[in-house]
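Below you'll find a set of structures to go through.
Both complexes shown next keep subunit A, but they swap its partner, so subunit B is in the first and subunit C is in the second.
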Partner chain A sequence: MALLTAPRGPRVRRTAPEARLGRTIALAPAVVYFLVPLLCALAFTVGLGDPRQKPSLDAYTAIFTTDGLAQSLGLTLLLAGATIILVFGLLLPALLAVRLVAPRAKALVAVVCMLPLVVPAVALGAGITTVLRWATDWLYDTPGFPLLASLQQPAFPVILVLAYALMALPLAYTTLEAGLNAIEVKVLVEAARSCRASWFRTLFLVILPNLRDALLNTAFLTIAMVLGEYAVSALLGFQPFAVWTVAISGSHAQLSVAVSMVGLIGTWLILLAVAKLGRSKASKETS
Partner chain B sequence: MTLTAPGAVVADAGAKTRRQEPQAPGRRAARPSAGWLGVIPLLAFAAVVLGLPVAAMAAGSITTTNDAGGTVFTDANFAATFDGPYLESLMGSIRLSALTAFVATMVSLPLAYAIVTSRFRGLREAVLSASGVIANFGGVPLAFAFVSTLGNAGVLTGFFGLADKGWSLYTFWGLAIVYLYFLVPLMVLTLTPALDGLKPQWREAAQNNRATGFQYWRHVAFPILFPTLLSGFVLLFGSAFSAYATAAAMVGSSIPLVTVKIASALTGDVLVGQSNIALALGMDMIIVAALVIGIQLVLQRRTSRWLS
Partner chain C sequence: MTAFTLDPRPASAGTAGATLEFRGLRRAFGATMALDGLNLTLNPGEMLALLGPSGCGKTTALRMVAGFETPDSGEVLLDGVDVTGTPAHRRDVGMVFQSYSLFPHLSVTDNVAFGMRMLGTPAARRRARAQELLELVGLPTQGGRYPRQLSGGQQQRVALARALALEPRVLLLDEPLSALDAKVRQSLREEIRRLQLELGITTLFVTHDQEEALSIADRVAVMRDGRLEQCATPEELYNSPATPFVAGFVGTMNRLPGRLSSDGALVDVLGLSRPVQGSLHGRDGTADVDVLVRPEALTVSAAPDGPAQLVAASFLGATTRLTLRLHGGREAVADVPTTHASTLPTGARIRLGLPERPVLIDQARNEETTA
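Here is the complex of A and B:
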């Protein structure tokens, strides 16, 4: 079944000298623009920016001793996991159903998935705040009150999972659609089904392995999004990772920059590692 | 759906004998409803998590609390958003988003092409994953990075003495530079699949017809990529327009932005009724974003034939 994996990767392999030159011209300024702020931020965290200060790694050792960091990071990762599960649980059935049995729903699903783009995070936060205020305004004696209250437990705010999943929908939809476009879902399913594979086997051994790249990308982009999400959580008064770093930036400027950089570069390295893992696994299967 | 598998695919005999079984009747008839079952959770989720807050916001934006504590309809909230500092913040956001989205779109095409055609698979992976992280994780770390680079106490500001030359990060152009940092990666991510989808046969066909490289781009590649570029531009505009974390984390930002105004009207200790103006501003944002996306859909439907 793994042999059904479609070929992927760059198709254009053309290296005329002028093309190489053009590439360098295009890439060089971009490299400078994208690296300099990161390097300067790292220099800032070790105290190179201020001549009055002695360079030191205090900001990095403080990461392990500062109160609240582990808490906010743990909460954020928990939220990210729940968000990914929710997004996949909602999107995969819908997208496969559209391709296999309900093509007429395609436009509707596309619109619904892109709709969150219309509602900026701040506006969504404002709307959610308004809805949650109903709990105390009108719903005090009804079952709605404990329901809305249970959505806002500080230990695990379900409301944030819902909001994050909504905000991740457009990106997840585009990534998964691109992945599904690259393979012939219908042909794969027909081939698998005509081999008498059950729907379960078809889904887990044919469709999902072919979508591995798209699934992994979606998952990690969602994690990155949740780690960086600020607007909704700040407006609703929760303190996950990003909100926490801003909250301490006034009193611990170097620490907040250090934590952010570690988060940014760490997430990137994890994404790279996952891409590499996925690739070596794929080449093992096809060889 | 007809099950016409070539015999070559089915190699094992067991499968062949089982194939002789008659097709179970009725299964096909049951499928359409099963298909909608897959779609319904998504629709329900969107209706509740998106629809409810938007409805609440819409209701709040056209009502206000009067002196007696009752709720009455009013158009004062919307009127307030098109006046004075609120209007200024709305226009500031639109200007900043349009400018940065346009620049990012122009810059990203050669960049994405250079990455896609690169022989080094490692470069491609590194750039794409970095783009994903920056575009999504962006916000706060990005603001911190630029504040510590070009802010008042930034490394480059101190090194080159930029403050004496009148440089300030906390201006329109300063913010534009910061915004490009997450918009360009987002555009590169949007363009890469489309560039991958440019079939080498198209270029070969063009070359066989004696087309120059420029002609190939002008008449083949660019028209094919145009819908992607367009939808990418709209995506960037939306991201820039709704960006809040970057501006919020860049303390001292004096640029009027609509997201900052909404947040301060909602969370700050302000007069009663101010929060309903924030809701009206939120509705303004939704209207602007909806207009832009509507325009894009109309344009895109005409031209997106080739890459799907």
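Here is the complex of A and C:
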């Protein structure tokens, strides 16, 4: 009891040597599994161990001057942004409606959202290609044809946004559902409504701020998925970042891997930023 | 605690609260009839408690006033104006929920000021007003904290301040004390009543706790299966229940075997003759009835030839509840001063007495004695 009630000094973490050893043994394979390929990739990009060249950072400096990278990366980020907006626009109203007015639809929404998990990206890409071909035949010489063509503009292929949104649904559903489970949506909505908030203000001033972490996580996962998506984009003939990286690897192998490394580090930085945002909010509320 | 400085309006002034009226409210959830033609009127400045067991429709009725439920038929009127179709955010009612329902991402001050923010009150004004309200509910220094840093009782005080911030015409309290421990519950209950009287705000208080309802409300409406059983002052409800359900639900009631006189004016109970105050059922011609007697109305004394036997005693503080076995195996309970109860050993023969006043009777039920 004395220990429990004694004033706390600075916290000193003490770990038993056995526990430290156990933790090391458990973590070592994971560290090796993740770090070895990364170190090999890093060594490859700087030319370490290659007797034909001197080690250099040329592959990294070339990132900023290589043709096509800026366009493909810009397109990918644009697609990621549009995908995030579409996913939020589809999922948030559906998940809120399930909680507020149609709780019986919960299972149906869950099944629909998780369904893309069992559809391979290649099958999705092949399916979309087939549908677009049929649609072209059917809509040719009709007012719908320009709309169909606008879905496939290389500058901003809306068809990819639709496909990405579908592929991101399981991730987004899981994350948003976890976020919604952590708050009492119905009670908060009713409390806000009894404080004279309209539906719009209730959503933007009460629900969304309490879903901040879930929204950030969803956005991060969607960006990561879009950055790395290759199969559907390649099958439909567009060249976002992942497709460009593979395309460039034939002629500039080191550059391709260097770009991937930078992309990976960028993704980690976003992840850290998301985690830090969450932590700063938590510490502010508990201080 | 700082004295209230916002706009105290005593109930006697009769200007603050609105008249709230339920007219023939019906609502079914599938095959379950949650409300079955509820008619009820709350007078301006009155606090009325809706009391009943779970599923009796009391919360549904309250949510209809708030605008969170729509009746299948019937109307909700505020000062005579039908608000049944008015959206929740335009109803001018404040609500305190069972589960606190504070906005977790906002500080205490911002929670209290939230409604004023929705109405476009300038920031400085709403901060000052939020501070006044926090002083009113006894939390003058907690404005900068977040809900999760407060205890349950403190959170509910903040929720009360938030509900009062917009000076609503009607205050709705949906079992606001049920998540709190007994001591906090009692102090907050008294505080709610004090505030309600100070502000003179018409208040509908939903609870399943009869003690809470009887102690806080001007009138108590007892509901069962979507219907109103009785609406009366706490005293009337306790002393003159209108139905067997109310008699059994509000407080503890002994059912002692009695026999009516031929003209039905007197009843013979425990060997004593008492005038009949009223009957909870229509007279069906049978002479055997149950006489309804509260535990505190029974007097007990040790007597070797007494008709009852003391089987158990429960210490309640100033009083002790004695469980007595009557002839035929029926049991009755009597609340007697602890000083007197301590002189009666378990197993002792007991003589029971009744005060000289009219008694309530009901149809005889042989299977039970207390309800």
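Some notes on this structure:
Criterion: the second predicted complex is superposed on the first by the 251 of 287 C-alpha atoms of A that agree within 3 Å, B and C clash if a C-alpha of one lies under 4 Å from a C-alpha of the other, contacts with A are read in each partner's own complex, and residues count from 1 in each chain.
In the analysis below, contacts are C-beta pairs under 8 Å (C-beta built on N, C-alpha and C of every residue); 3 or more make two chains touch, one makes a residue touch a chain.
Bear in mind that the values here come from a model prediction, so they are computed numbers and not experimental data.
Of the two partners subunit B and subunit C, more residues of subunit A are touched by B.
By the document's definition of touching, of the two partners only subunit B reaches A:Ala121; subunit C does not.
Of the two partner chains placed by superposition, only subunit B is touched by A:Val131; subunit C is not. Of the two partner chains, neither subunit B nor subunit C is touched by A:Ala62.
Of the two partner chains, subunit B is the only one touched by A:Leu96; subunit C is not. Of the two partner chains, both subunit B and subunit C are touched by A:Ser194.
In the superposition on chain A, A:Leu73 makes contact with neither subunit B nor subunit C. Applying the stated contact rule after C-alpha superposition, one finds that A:Arg23 touches subunit B and leaves subunit C untouched. Once the two complexes are overlaid on the shared chain, A:Leu227 sits against subunit B while remaining clear of subunit C. Shared contact residues on subunit A (touching subunit B in one structure, subunit C in the other): 190-191, 193-196.
Listed in rising order, the residues of subunit B touching subunit A in the complex are 1, 3-5, 9-10, 15, 18-19, 31-32, 34-39, 41-43, 45-46, 49-50, 52-54, 56-57, 60, 107, 110-111, 113-119, 121, 124-126, 129-130, 132-134, 136-142, 144-150, 153-156, 158, 180-181, 184, 190, 193, 195-196, 198-200, 203, 235, 238, 241-242, 244-245, 248-249, 251, 259, 262-263, 266-267, 278-279, 282-283, 285-286, 289-290, 293, 308. Contacts from subunit A toward subunit C in the complex involve residues 183-184, 187-188, 190-198, 201, 206, 209-210, 212, 284-286.
Of all the residues in subunit C, the ones that touch subunit A in their complex are 66-68, 87-90, 93-95, 97, 99, 101-105, 114-115, 118-119, 146, 148-149, 159, 162-163, 165-166, 172.
Listing the residues of subunit A that touch subunit B in their complex gives 9-15, 19, 22-23, 26-27, 30, 33-34, 36-38, 40-41, 43-45, 48-51, 89-91, 93-94, 96-98, 100-102, 105, 108-109, 112-131, 134, 162-163, 165-166, 169, 171, 174, 178, 181, 186, 190-191, 193-196, 217, 220-221, 224-225, 227-231, 234-235, 242, 245-246, 249-250, 256-257, 260-261, 263-264, 267-268, 271-272, 275-276.
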